[in-house]
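Here chain A shows up in two complexes: once beside chain B, once beside chain C.
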Partner chain A sequence: MMTKVKTQGLVTDLMPCIRLLQAAGHFLFNYHADTSGMNMLLRKIYSSAHAVLIVVHYICMGINMAQYKDEVNELTANTITVLFFAHSIIKLAFFAFNSKSFYRTLAVWNQSNSHPLFTESDARYHQISLSKMRRLLYFICGMTVFSVISWVTLTFFGESVRMIASKETNETLTEPAPRLPLKAWYPFKTMSGGGYVFAFIYQIYFLLFSMALANLLDVIFCSWLIFACEQLQHLKAIMKPLMELSAALDTYRPNTAELFRVSSTDKTEKVPDAVDMDIRGIYSTQQDFGMTLRGAGGKLQNFNAENNPNGLTAKQEMLARSAIKYWVERHKHVVRLVASIGDTYGTALLFHMLVSTITLTLLAYQATKINGINVYAFSTIGYLVYTLGQVFHFCIFGNRLIEESSSVMEAAYSCQWYDGSEEAKTFVQIVCQQCQKAMTISGAKFFNVSLDLFASVLGAVVTYFMVLIQLK
Partner chain B sequence: MKMLIQKVKEKLSPIFPYGVLESWDDLDPKLYHAVHIFWLKFYGLWYNNYPKKSIKFWLNMMYTLLVLWLVCFFPGIGEVVYLLKRRDNIGDVAEGLYLFLSEMYTYFKVLVFWLNKDKVISLQKFLHCKEFKPKEPEHKEIIRKSIRKARFVMTSYATMCVGAVSVGIILPLTENFDILPTNVEYPFFDVYKNPTYAYLYLHHIYYKPATCIIDGVMDTILAAFVASAIGQIEILAFNLRNFDVLAERRRKRAISDNKYIGKYTNLYFTKRILKECILLHNSIIRYVSVIESAFSLASALQFMLSVMVLCLIGIQFLSIENPTSHPMQMVWMAIYLTCMLIEVFILCWFGNELIWKSNDLRQAAFDGPWRNLNRKTCMFIIIFMERCKRPMRLSAGKIFTLSLDTYTVLINWAYKAFAVMRNMKK
Partner chain C sequence: MDIPKFEELLKQIKMNFWLMGIPFDNPKIQIRYYVLLLPLSLMLIEEIAFFGSRMSSENFLELTQLAPCICIGVLSVLKILALTAKRQKIYELTQNLECLHKIILNDTRKTELVRKNLVLIKFITKYFFVLNAVLIFVYNFSSPVIIAYNYIVSNEVQFVLPYAVLLPFKTDSWIPWLIVYVYSIFCGFTCVLYYATVDVLYCVMTSLVCNNFSLISFKLQKVNRNTAHLLKEVVKEQQYVLKLAEDLENIFTAPNLFNVLIGSVEICALGFNLMIGDLTQIPGCILFLSSVLLQILIMSVFGENLISESSRIAEAAFLCKWYEMDQKSKKTILTIMIRSHKPKKLTAYKFSVISYGSFSKIISTSWSYFTILRTMYTPPGTKFQDDL
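Let's turn to the complex of A and B:
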């Protein structure tokens, strides 16, 4: 029914995640093969229907919170639930308003440069990043489904009551409430019968889809970071052959023929079929290497073999000289990708951290009231672990990006640059200076996404807990 | 007469650590760890390198198990039983817990040490690599100083701990033989009846110094590796500051060895020296990363445990009733607290030294006579200085860096936890 849509670059790699996002109801209307008016209209109606259902249920939960605000414990618990699902609403709206910049980031890697000697390494790291992205997607999907199942299971334990503050005697009474996963106001009776079943199914739908909405968008963000990190690994890996190539131009080196052999078979990796290997000549686009055989640029004009101590042919000399350019252009491309990721997702991260901070403060207060192993303890600890897990998820990938980008300098230093040419030494110096400052993703310039952020969040929660337990 | 002294030294050398009786002239890298390995072998806790089928392997294994039973499991069981009998009162449990935790943690460190056997052995081999060999007399002096520092830290820390523990051992004397040095209880016999009490007292006199020494070795072995890295960094700094002098010496040596063919100019030797500096720098960077991978986990857990133990000691300090009538208790607490503080301080101080010395390398490169070099040769110094903008640091479990800043943070957290627990006790 749907013909295969022709995609390239990041969209091909992230297609499963994109399809899941479309299924969950995000307003993502690109990347379909069939863009006829009827189908687009159907898709828009599908997404809008999901959005309406989720927002309506969220408002019902808000009404419930306003109704029972007199009793402190009830108010705190309801506020935590409302804040928990605020993530999904915010991310849904954020994507809807920012979809252009998402499309732009997904298109950043559509055209990438290539060099015949380094395609094997490129392909290998691309495969590694693909498998990591898949694994992350499966893990997050699994965790989402597990959370929904455990939430629904926990509903059936414990007593299903809500706390009311009696105005006359000023003590808390309990009043029976419907045994549903979430406390919400419905215009129909939900204690038993048809209304109860309908509300239960609606809530399971709401739980699954809202958690999926929030988590899948985080998965896209982390997958982008995985891709950027593997590109940096590729750049670090080709540093050593690059130095040897550059040394081969100036000084006599034995076995220079080895350097120029493009290995076509590799037992450990599968060559991906999507790579378009243009071997029309020495390089993929003549413009890419900025030089033509017609003699542009003074120093590249003499291609005679007598100047070269290793007897390289003209073609091999061209390959050697263009290797550094390939490296630098690829590095600049990665920097553009990371900048685009930061622009696209930074604000969403800021909102996420704001909401999470308030949620965690309230959860620290709830945690001081745990008095045994019961439903209350499990649900509080469940909320805590889930919220901290969400923050940890993007902090760890942000931290990996910082580490990878700053270790490029160490890789440049540890290869044998001292035997290379003057051009190679200048290259190493500039790389070292550039990579002093690591590439970071910032949450709209307020904070940097790294493990330090997670440690400070964790430290803050522990501090609030210690203080609140004193006040008890 | 000299022959007699020589013979006596040879006879006595197995019972002392390597380097006590032998001369240090060859500056063998195993001098750094000789004291540590000697004590580990004494308690049977060093790696069992005999082939599996030989008698020596099994004898060694039996000895190790015997020592572990005497110093780890037997007292551990006693302490656990003692604490379980008092588990209704959280305050009492907290007080007895600090000793149990720090003793058990020593054996946890030994376990991690055994698990990291390959890395530690490869670290020792790394020290013998050719870049680390001293080539000039000044190098030898620097290495001698760093060996002295590594051995001094081990012996002084172990002596201090054993001294502290002897105060604990003397405690029963002042309390009229009412209590044992460590509070233990066993399920099958009464520890305060006379013959059992005497045997247990003797056992405690054996096991407490043993635990202290093993703990000292585990802490200071990391410090010894870092001290060797710092020694090499100092050699590198010396080379950078004096590369012209070294190039001249190299040229003269080549002439005297008849290797000087005449077409090698001074520039050639200068380039050789600078290239060797870069190679040494790369080796030191690799060495530090191997140290980090071998000891990172143990250091991270050490830090977290020290925070807990420090605040438990604080609680215990406050809960001694009638301080004036139990002066020995107060002294014991104070000494134990000092030992714990110094234990973490040693790790953080050496980590901090590493950071500072590697920052000093940039200054050393600038101090050298680079004005006389041509631009092409200066590239070596330029790229070297770029690399030195990021100093070498040791991290514990990727979360903490070993430095004095971390030490301040840890003491801070220990105090916060102590304040909270004190309020909860009330």
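Let's turn to the complex of A and C:
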């Protein structure tokens, strides 16, 4: 039906997720093979239809909330539901307005440098990140479907009533309400018959698609973070062989003979045919090459056979230097990726945290009214677990990024840099100095995404719960 | 006092590990392990069942009396489970530390540096076990004493059990009471054995790693222009000890997390009991509370030691005569300093760092929860509580 679209970099890795996003109705119109006007129009209509349906139902829920705003219990419950689905609306709108920066972040990794010595390690960590991204996607999809199923199942338990406080007698009366997953206002009768079936199906659609909209966008964000972390792992892994390579590159005569490692010379000789290749083959893009051939920037010392301490040819030295260059350029690329991720998704995280904080406060209040194992308890705890789970989802990946990026310094230190050349030592120093500061994702500069954030959110919920239970 | 040999320090721990069924030289778990663990777990389930059966808003005071026992039981089981999962790492770490210790003992200068520390560890090892053993003896054998006292005073036999459990049968006569009593004290001893061993192991290992860091600092400080080639040795040693500290963190991160979480709950419940409970409870509460606080304090002290010792290497690097050395050595010193500015921390599963700061945070968090509990607690029968 559709010809395979040619993709590269992150888009190839994230294609299943992107297709799911398009299916769920996000305004994602790139990455199709067939970009003819008719098909694009159809896709735009598809997304708009989803958006309209979801917004209309959201407004219906809002009208219901306004109708029953005098009942405290009803108001709290409806507010929580409305806030819960606010995530989906916000994320839908956010993506629609910010799709350019999403495309830009997805394109950051389209061109990456490579080095013949490190391609195997690169491929290995790329594969690891791919499998982790897939597993995350399956897990989140499974959890979304599970949540929808358990929500619908819970609808059939307990009484489907509304609690109304009678003004005259000041006691709580029950008013029958339709047995639907969500409380919403409809212009037609929904107590039974055709209206009921239609509303039920509409609500199932709404539940599934709105949860999918919100969760899939979080999955894209976390997948980006997984990719960045695995790239950092790759950099840490190649530090050791890089040092061993540089140990042979001793461009100054050493002071004492002990610093001269014979074994490292042997290792250099084992470098596969690369030294006989045309030097141009080492780099994938011409601009990477600017330093040595044209002599701009780098100071390649020209050694005759007698002056060169290790007996390396100029080509071998260039290989060792190119390895360092590869490392630094790759690290800069990762920093660019992380910065792009932060710019793209930071504001969405800020909105998410704002809405979640209010939701959790209200949920803490609702939790104080739990008086036994019943439908009310299950639904409150379900809301709590889901909301906290969403926050935990991106906090844990943000935290992993911080851990990985700050452990690069330790990896740099733990290799045998003391045997390396002066250049290698300077390289280790600069890397250590720079990597002391961890790479973080911030929510529009208000907070850093880490497990500390999650712990503070959890602590705040417990505190509100304890204060509110006292005020009861 | 004499410098203790490595075997002396670890003798009691190794014997305890053997007793628990996870001996040092055998990677397989013995039957003894399950024989000790399963009754304790069963006892915990019974205690929790009892707790659940008494749960209602009027019994709040009683619930906070039951909570500490359950908490300590749960804590010791979790700690030993976490440690059993990492026992291979523990054995390797002990062997590595033993090798390093031997090197220390061979050099009198080094021995002098760490003398005080080692003597302290030996002291802590001995008296921690003794103290806990005494406590559990007193607590366990208080029940027959209370029964005897009641008999003498009121001439009737009340069957008192040391721990409140929910049992499917009554313990109103001698035989069932005796069975449950023996079972209870057996579980009590197991519980104390578990958590005391884990704590002492933590103290000993952290101290030994700290010692190695301080020796590296000492060696680094003494480097001068003529001995600049020793810098490479120093770096290698530092890398090795950093790796050992990483293993240490790996082993103890889960037990530390459980300790922090459950310790806060215990302090809260005990403080509440102390304030609101009746006078007969006070000595027991004070004893329990001080032991919990001491345990968390010791954990934080050793964590803080590790942080300070590993960051002292940076100071030592500055204190050596680097200004007289050649360019290469200065670069090496700079790299060492950059690395050592980031100290080696022990964490509670990355959620929080174990240090003095975290200790005060635990105390203040428990205090705030305790204040909230106190304000919201209304003694039953004094105020009409609305139905929800």
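The criterion applied here is as follows: the second predicted complex is superposed on the first by the 417 of 472 C-alpha atoms of A that agree within 3 Å, B and C clash if a C-alpha of one lies under 4 Å from a C-alpha of the other, contacts with A are read in each partner's own complex, and residues count from 1 in each chain.
Simple rule for what comes next: a contact is a pair of C-beta atoms (placed from the backbone, for glycine too) under 8 Å apart; a residue touches a chain by one contact, two chains touch by 3 or more.
Note that the structure is predicted; figures quoted are calculated from it, not measured.
Asker: Please tell me, clash or fit, for chain B and chain C sharing chain A in the overlay.
Answerer: clash
Asker: Which chain, chain B or chain C, ends up touching more residues of chain A in the combined arrangement?
Answerer: Tallying touched residues of chain A, the top partner is C.
Asker: Have a look at where A:Ser150 lands relative to chain B and chain C in the superposition and call it first, second, both or neither.
Answerer: A:Ser150 contacts neither chain B nor chain C.
Asker: Considering only the touch criterion stated at the top, classify A:Asn371 as touching first (chain B), second (chain C), both, or neither.
Answerer: In the superposition, A:Asn371 contacts chain C only.
Asker: Show me the chain A residues, by the header's touch rule, that chain B contacts in one structure and chain C contacts in the other.
Answerer: Common interface on chain A, chain B vs chain C: 406, 409-410, 413-414, 417-418, 422, 425-426, 428-429, 432-433, 436, 451, 455, 466, 469-470.
Asker: Flag every residue of chain C that touches chain A in the complex, lowest number first.
Answerer: Those in contact with chain A are residues 229, 231-232, 235-236, 239, 242-243, 326, 328, 331-332, 334-335, 338-339, 341-342, 350-352, 365, 369, 372-373, 375-376, 388.
Asker: Provide the residue numbers of chain B that touch chain A in the complex, in ascending order.
Answerer: Checking each residue of chain B against chain A gives 274-275, 278, 282, 285-286, 376, 379-380, 382-383, 386-387, 389-390, 398-399, 416, 420, 423-424.
Asker: Within their complex, state which residues of chain A touch chain B.
Answerer: 406, 409-410, 413-414, 417-418, 422, 425-426, 428-429, 432-433, 436, 451, 455, 466, 469-470
Asker: Applying the document's contact rule, which stretches of chain A touch chain C when the two form their complex?
Answerer: For chain A paired with chain C, touching residues are 255-256, 258, 369, 371, 399, 403, 406, 409-410, 413-414, 417-419, 422, 425-426, 428-429, 432-433, 436, 451, 455, 459, 466-467, 469-470, 472.
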